């Protein structure tokens, strides 16, 4: 039994059960992403404490002021403090992400799982995804907003609509891939039922890809929802949203530059942060696999 | 190619276009008018914010249409900007019979359409009939429909027989452009516009530009001075501002008042404030909505509005606050009545106290995308909060907004512009949908209002003392009913560069370039 | 004695956090074949890459590598490039990936010529034709793509590519490992011919002692990054000087040797039987063609054949994963045709399965204990506590110990994983074990211990076994009876000793003859042309 | 290959048919119809009814659908309600602008990917790798419209060297050097995310390829690293990169709407936005079906191109 001794040294003593999520987020890019998102989330959560004004308070005489000590980003066209509006805008954006992305993931994932199990459902789901994917999300957004009117609802719908096929396809292909693996074959050969294989092998093993996609989707969702708010088909005024504040700022570029720069920076940091988290997780998963 | 872009091409291109910046603005401070001889020739380059919608030809509702009508067409008579005293245009003279049922128009002779065909009384008949067709949705179509017949026996005289006296018949003659029957179909699809005006329609490129050339056969000798007019469609206000600043365009219809202020201060442009072509911004209420059925609530709202702030911050002072629709140029204008509602929170609150109940949260609709309505709505929302009324904003896209306006289906309050108060006052109450006494968007029903509106409409002479008295009654009705609360009367602004002289406009904001010249 | 062409002196290669090669010294003489043998992780391939300066980024090499007196370590990229191919060439293990899949093979060989100064397209084309001819590929096939060639042909092309610029030294890294035995025999013959003809010095890296016996003049034994001994090939096989080399040689299963005691054939009803079985894959010719075969209780049936012979397909039929197009399949006496899912599951309870790849056949997220209890969980045998107890008992039986229960598969070595897989397969006390190439991914010494364990367990539990393998020697060691398959057909079957020593069919004979014997003298005596003639007979 | 195409066609037709029904139905769910949109804020109900009759909107949906479908199949999609003119000429006009924008973006993106991809994969300088990674991440992540606003702010307002929107007055063809200036910002904006995704894909695939045995074989035979990277490996990466590009071209349509909106570029994106808000059914329908067709055809084309570039698919898996 020479080999037992020989290999013993290479084997780690402590089992490390959640390496991907942990390793992905504690180093390098993933860590930067977590910090960026953390800061923004904190700004959003603490907005009531941090914001010097109410986001809807119209301050008398403060029409389109430039940046100053009292108004770090200046004031807007109806005399509100842009800084406070940006802080509160983070909340609504994150809130939509928090609702829509998991919803899209769950729905898409379920459809993907069902599709991977039966041939007819698969063909149907694939074509349906094709059709949905053929419409750019922004056009979808304009269309849905025309039906439902502006508001949070169409934004949530569009984000879900955009994410759903992504998760559906991801889960489907990942499931089909995992199903071909010998350990699933082994389980089936020993008489395990479909449900057993799905629950015990497939779902746990595709979870990592789903989590990476969650981070990517969050980034994409911030894009879509701020674009819709930017186009004026999202959150209704006077509720502040990042895209909405940016859109309002577009008309005032000449008067107050910071008005646009504030929301712009936050959006960039958000999408970038989620993107970095996704990259970190992905790198960790690849590292873990090799 | 894009990447191989050399520094030189970039710079030369810049000199040709974008980076001229303030150069033209600085160089053209010479006052051309003193030099005597007008400068001829040149292409007038301008920009408008909304493109032509051919089906809206008679509705006066967008920049494309008003530009075409102003340049290509002429009406029978013309009001000066500051009054309702008709001037000759295609009609040399006109008489209204004492019973008010016959209007005789002597037409100008020797006028030719751009096709070369002579203008006759047949064209008057055709133009008025077209205007009355409901599918064209002309604002005064009820007035036009009240014309029983047009006698065209003499090609140089048109005799209109009316079903009943029409106090605003001259408004109609001022508004209706005289169109060419033979090419009329071209108007519907935007392919051909033939009129008798100073410029010929050349070409429309949807979403991009309108092009016109000089009509060398124009009835006024030596006019127009310009060789051609080229109007670009630039929906983005900032882009328009940048283009006029860099001298790429000389005229901009769609820059925000704020940008106009800024550019004017920098010496890049001058503004043309269209007094006489006023529009009104208002808040109106749907009386079938819970809470708004009570006049005290509506009056409370009227007292809560901070009209001064909206005028100065949103519209940058382009106009004056108002309680009634009539502009200062209107015979119905009455300063005292116009100042009836002033911001008075205490009074508003006491009215609400009289009402006794809590006003439920009101929906407040406005049309998107419009930064001005959005800002107005948000200020109004803050104003109403002050007196304890909660309001939820309800931005709607244009078709939905219009559908609700026409159907009277707004779920609460709404804000929009209206127009037509710069004409004979009765024109407003019989035509503008929000005001229509018989059936309006507010579902306001009042026998007195119906009676007074009808009486005003049927005045034979629109500016007689009796007429003025009838307008006063109408004004009282409006203030008492408080279903439509005026905020301000807005005089729209155009931005032009200093090298442009002689631009004018009609009461419908149609662009007139008959006397315009490009100096410098 | 002549001077060595290639001298490796005190070479060490370090990766971040690990040392792959430590203080290796080797000298390759002109016109000789020096074999470097060792198991996986011994550092033999890394040594080869280090010689050509092709180590992956992050690895550092120290010591000295001299070619013809010129130091290669630390040479700049361009100078190294001129050495590569022109002086020292490399042939790789996997012919299917060693060629660029989207380029014509002629172009790929041409690229080497171009890199070494053959400018004219015409000249290159001519030379490519010549080279292909030398390795036995028709020159006109230069315009074909790699996927249009068989595995053996690809390896020939790789050889032509490596030798295009006329090198003095050829480093052959496991040149025949991925090939079927009969093809391996041809490539070995070709290698020998080329080596002789060109007077090449060959550094042959392999784990296969038979190949060593066939080709090598001298042998260096490596382990854990070090060279343990360097010997003349005959001396090594006769009298290895280190314990490790002795163990290694002892682990190699041999054909002629008697495997196990032949059990008397029982008359009991077979646990698994197919009769006139035909299986189709859509769009292809029959995967299995009229097979009749049976496994009796307690018997180990070895199923041998080259790739594409249909042996794995038959394995899938056995567990009810594939249906028959015609013929019958009986499992424990029950006809599988028309069985419902539930009945099938009940039958599967009596089968254990061990897969080829121990790395992939265990769910990476489940602990060893969870993996072993899975069959018990699936069939709801006992309580959770008794299942754990049973799993721990099994762990003891496969010589791992209960402490391994909490580990994850990636914390185990290949051999350990295969033991876990074996434990899992035995959890339900199956009557039939299906073992599909259970040791082919393992090193020889590990393979030996796993086979030993398998024999012990089979003895103890008495299960019948369908043992699928391409390795005749392994089958010889474990099986009572052997069935030989080729192209979906059963060539012959019978008692192991009989079939593998006195085959009745020409194909089986060719197979047996192609297996290189790990004994230099015997191998050199029996190798070609015997093999070639027997092959021709089967064609 | 022909058989492959034939196999794909039925599912393509199915997707298009489903999409056409979906588009037609959904558009009619939208409150407010073209008549109200046309009538404007001062209209009366009678006028709206008159317009509705004029446009044929009072006919049953099924009749309208088949009339539309018939028009589509005979390449006569009808006239725009709102804008006037035939849809054909309207789309041609906008299509030209969008095509110019899209093709310049695509060109920029592909060029970037082909230059930076190999550089990124091939570099052994850590600082360069980090720099490229950083830029790439930023370019992938930042939404087009945010980038647009930033570019306008920077180059149009703060340091005004480029026009911040619109098209040159004399059309796009009159003066190329001016057109380029107008085109530059929107094209860069649209190209950035696509170029970034493509660059990353090319770089990562190249890195994977560079670890393949055939690369080691070529290197060991003395072919230079540079040539292996730029010729052998790149050639392997191309087929799948093309598929990625195909998918990105689909995303280009969506990006174009935002970019055209941000830069007032009068292309299909602005047209569809205007048509939807104006309930211009004929235009919306045709544009949506067009985008589905373009997307589907692009998928098909990339698959075909993929097959053509990969001899394993092209010649079949003979072995």
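Lettered A, B, C and D in written order, each chain numbered from 1.
As a working rule, contacts are C-beta pairs under 8 Å (C-beta built on N, C-alpha and C of every residue); 3 or more make two chains touch, one makes a residue touch a chain.
From a predicted model like this one, the values you see are computed outputs, not experimental measurements.
> Using mean Cα positions, find the chain sitting nearest the overall protein centre.
That would be chain D.
> If you tally contacting C-beta pairs, which pair wins, A-C or A-B?
Of A-C and A-B, it is A-C that has more C-beta pairs in contact.
> Taking the mean of the CA coordinates per chain, how far is chain A from chain B in Å?
The answer is 47 Å.
> Centre to centre, by mean C-alpha position, how many angstrom separate chain B and chain C?
88
> Indicate the whole-number Å distance between the mean C-alpha point of chain B and the mean C-alpha point of chain D.
Computed value for the inter-centroid distance: 39 Å.
> Please output the residue numbers of chain B that touch at least 2 other chains, ranges allowed.
238, 397, 400 - these are the residues of chain B that touch more than one other chain.
> Where does chain D touch two or more other chains at once, residue-wise?
Answer for chain D, listing residues that touch two or more other chains: 31, 152, 277, 279.
> At which residue positions does chain A touch at least two other chains?
146, 250, 253-254
> Pairwise, which chains touch?
Once each pair is checked, the touching ones are A-B, A-C, A-D, B-D, C-D.
> Touching chain D in the complex: which residues of chain A?
Per the stated touch rule, the residues are 29, 127, 130-131, 133-139, 142-143, 146-147, 219, 222-223, 226-227, 230-231, 246, 250, 253-254, 257, 260-261, 264, 267-268, 271-272, 274-276, 279.
> Per the contact definition, I'd like the list of chain D residues that touch chain B in the complex.
My answer: residues 31-34, 36-51, 53-54, 79, 81-85, 90, 93-94, 104, 107-108, 111, 152, 156, 160-169, 175, 177-178, 180-181, 183-184, 187, 264, 266, 270-271, 274, 277-279.
> Which residues of chain C touch chain A in the complex?
Residue positions touching the partner: 224, 244, 247, 319, 321, 341, 344-349, 351-353, 355-357, 360-367, 374-375, 378-379, 399, 406-408, 411-413, 415-416, 421, 424, 428, 434, 443, 445-446, 449.
> Within their complex, state which residues of chain D touch chain A.
11, 14-15, 18-19, 22, 26-27, 29-31, 137-138, 140-143, 145-146, 149-150, 152-153, 157-158, 250-251, 253-255, 257-258, 261, 272-273, 276-277, 279, 288, 291-292, 295-296
> For a test of understanding, state which residues of chain D touch chain C in their complex under the given definition.
Counting only chain D, the residues touching chain C are 124, 211-214, 216-225, 227, 231-232, 235-236, 239, 309-312, 315, 317-319.
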